[in-house]
Amino acid sequence: MKKTLRELAELVNGQVEGDPSIQIEGVAPLESAQPGEITYIKSRKYRHLLETTKASAVITPVQVESAQKNLLWTENPQLAFAKILSLYHHKPSRPTGIHETACINSNASLGSEVSIGPFTVVGENVSIGDRVAIHAGVFIGDNSTLGEDTVIHANVSIYDGVTIGKRVILHSGVVVGSDGFGYVRDGDGHFKIPQVGGVTIEDDVEIGANSTIDRGTMGQTVIRRGVKIDNLVQVAHNVVIGENSVIVAQVGIAGSSRIGRNVILAGQVGVADHIEIGDKVIVGAQAGVGKNIAPNQILQGSPTMPQRDFLRSSVLIPRLPQIKRTLEELVKRIEALESKIGK
Amino acid sequence: MKKTLRELAELVNGQVEGDPSIQIEGVAPLESAQPGEITYIKSRKYRHLLETTKASAVITPVQVESAQKNLLWTENPQLAFAKILSLYHHKPSRPTGIHETACINSNASLGSEVSIGPFTVVGENVSIGDRVAIHAGVFIGDNSTLGEDTVIHANVSIYDGVTIGKRVILHSGVVVGSDGFGYVRDGDGHFKIPQVGGVTIEDDVEIGANSTIDRGTMGQTVIRRGVKIDNLVQVAHNVVIGENSVIVAQVGIAGSSRIGRNVILAGQVGVADHIEIGDKVIVGAQAGVGKNIAPNQILQGSPTMPQRDFLRSSVLIPRLPQIKRTLEELVKRIEALESKIGK
Amino acid sequence: MKKTLRELAELVNGQVEGDPSIQIEGVAPLESAQPGEITYIKSRKYRHLLETTKASAVITPVQVESAQKNLLWTENPQLAFAKILSLYHHKPSRPTGIHETACINSNASLGSEVSIGPFTVVGENVSIGDRVAIHAGVFIGDNSTLGEDTVIHANVSIYDGVTIGKRVILHSGVVVGSDGFGYVRDGDGHFKIPQVGGVTIEDDVEIGANSTIDRGTMGQTVIRRGVKIDNLVQVAHNVVIGENSVIVAQVGIAGSSRIGRNVILAGQVGVADHIEIGDKVIVGAQAGVGKNIAPNQILQGSPTMPQRDFLRSSVLIPRLPQIKRTLEELVKRIEALESKIGK
């Protein structure tokens, strides 16, 4: 594909500084870009790199200047770059049509231009929206729903009664709708509480490989619009994750906790059950959240504390032996003083 | 389905306070229950909620009184509720019969009323007990055994030579019998130690989505009767987990460790290799177990300490900067004193 | 199978002390070995156990003596044992030939003696080397490559454009080539950065069950020769793991971090993004790596510190309440002294 720099500028609401008629054939990082390609710098402080890249054009913040390069000025160069990359990127392959081996219940409802890969199972009363792509080896249980333009990668398992919105992406190995982890003590053993609820995944959610979303015990586990979940994340029964929140790899969220909007949980964070985390909270990697968190806090540590406290106190942990020695020395010095002048 | 309150009371060995002949058509949580439904309160302290629920009957602890509601008195309301919920709950769908696409070795042995979903593979000499349900896309390696009434969800992988008991539930994406992680240093590289042992999963075990149970290097990895394992848990080679223990999501147990009976390992706990954890131990979330634990202890922290110590010391971590400042101030004050009166 | 002790000694470059003509029929651990079997002791300090084992021969370090047992002296008994175990071990079953249900694109290229199990999908332009074994339910996307003698276990998902070397083992549920976790803020939501890179897995790598390896955003995620990865490990986009490094279960490595050669990351370690870890570094379990690590360090803790500091300081954490009490007492005693003699 070829586009002129002017066409690309229009796509991202940017402004050309240089020759708008040059042809751009590809997209690449700064270091490896070749003539004919476009690249980007994230902020002004990298503008010296304009001299060394071989790219024919560079997306930059506005007001950046270059004697040699054609520039595309924009408010958010990274976003513009991502959009242009999407344009040039050869889309990964997807199944074409309904594969003859797919096992689709006669009471399932399929929209137009749906594609389904080999060895995929679609249960009774499943409803699949237009242009949905389901790869090979996927299982979709009875009474589940997939909205338009959703993509389900190979070997995903969706249990019965799961509702999935539009433009959702589930990566390989994701499990949605497995039983929540609930038992009642019954003598020596554990009586299984039937997990009769469901899962609702709203529009524009992406869930990474091998993550697991349990169904509600009663009621729903809910992943709201625009939430992005990384790989190997555990979301327990009846959890609600608010709009546009970001859940990084290997996070675990225990039962019935409610995560606000625009929250970021960094990698390997654990959230106990029945916790409320307010909007726009950021929780640092490996933190353990055992108490509710008010909105707009930045926390870290296990148990969590304000990140500022975490940074200040964690440098003192390795100095604890020194602190203890100093303390013991002081005790002796005070005893010496006391023995001289009395308590 | 409809049952009278008397019938439900008999099911759970409870006692009716009110009208035993009322018909109960459903089960719901306190807040959302409607007329015709039954709900429960867990303990006496919630008895004021009896006035506000719309439910026609409420399961309560004995001696709770209500002027308006029909009550079902029982020692353990949560257990009674779970049992009644099981009765009313529409069972999730399961395969019916042996699907024509399933690939079953002619030397496999199938009990009566076995159901097997599409695209499932059953290896040579596999033995499957009566009423076992195996969903779609499951792989069962040669010489493995599944006991009666076991349920294997979609896309589970069971390697060769795995023994699984009765009434076991394996959720989607579970892997049982993969090679343990064992190598011997050989020059610059690693020589793989053949993993020639197996896995034994006893009766009434449930294993959550995408958890992994490695086979023994030699001998068996053993999950004893009644153990409940949540999602994304790692159980390494030659681990033994004692009866009725509960392993919460994202726990990792390293090779050859032995977990006692009725142990609880909370979320994201890590257990080092060759550790022994005694019966009835409780390990708090994110703890790191690097030493043996005697029975009946409650521990937390990484490395673990008694939970009481953990709670007391962890509140002091954020105060370390203050402790250090106080200490430095004391040093100066003592120096001042010493300079006045001599050491 | 039977081999003489002399034949086994030749296999491992060892030396027989005793009868080289005895027949060895099997291999077992010290405690359970029976007559006719061979076992091993790892070091001299276990030589007293030679008296109690029933094994007919024992692999030992050189110079160990025994009046009763036939010995096989070798520099590295554990390595010799592993090699002999490999010899006797009945290899786990593998598919034979290409199963008739496998769905193989007509433009895929298959080497000689390739075996492919039921319900496996091989995409367009996939290249599969000689003697590769692919189990059931595997998905291999277009333009991927598998080198000679590689083994892919059941229900693995390999996306498009993944390059896998020779003698690689991927255990069940592994996902390779899923999209990296990259977005750009776009108003309230997140714009997905297309993940157009790939994954390169070099020769002799083994990856444990349900681990996930994301593709590069641009460029490659690289797992170098001889790396061993345990179960449930997360490797993010553009990570590079150096030769022969060992990554234990549930480790997470964030985007663009570079792990050196012969590194060991113990269980549940987290590595932040854009980190460099030098060669031969060892990071203890549950550590959180937020800064670069120079070669040859042994670190632990979250955040990491030298392991020696970690061991010394972590025993003081439970004593923090005592430290605080001592400090408060000293404050009072100093105040008393000061009030007597003035500051």
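The first chain written gets the first letter, and so on, giving A, B and C; residue counts start at 1 in each chain.
The rule we apply is simple: contacts are C-beta pairs under 8 Å (C-beta built on N, C-alpha and C of every residue); 3 or more make two chains touch, one makes a residue touch a chain.
Everything numeric here is computed off the predicted structure, so don't read it as measured data.
Student: Over half of interface residue numbers shared between chain A and chain C means same, under half means different, so which is it?
Tutor: The interface is built from different residue numbers on each side, given that under half of them are used by both copies.
Student: Nearest 5 degrees, what's the C-alpha rotation angle taking chain B to chain C?
Tutor: 120
Student: Just how far, in Å, is the C-alpha centre of chain C from the one of chain A?
Tutor: 26
Student: Can you list every residue of chain B that touches 2 or more other chains, as numbers and ranges?
Tutor: Answer for chain B, listing residues that touch two or more other chains: 101, 119, 137, 155, 173, 210, 232, 250, 268, 286, 302, 317, 319, 323, 327, 330, 334, 337, 341.
Student: Inside the complex, what are the residues of chain A that reach chain B?
Tutor: 101, 103, 119, 121, 123-124, 137, 139, 141-142, 155, 157, 159-160, 173, 175, 178-179, 181, 183-186, 188-194, 196, 210, 212, 214, 218-219, 232, 234, 236, 250, 252, 254, 268, 270, 272, 286, 288, 290, 301-303, 305-306, 309-310, 312-313, 316-317, 319, 323, 326-327, 330, 333-334, 336-337, 340-341
Student: Please output the residues of chain C touching chain B within their complex, sorted ascending.
Tutor: Touching chain B: residues 28-29, 32, 76, 78-79, 82-83, 85-86, 89-90, 92-93, 99, 101, 117-119, 135-137, 153-155, 169, 171-173, 204, 206, 208-210, 226, 228, 230-232, 243-244, 246, 248-250, 262, 267-268, 285-286, 302, 314, 317-321, 323-324, 327, 330-331, 334, 337-338, 341-343 of chain C.
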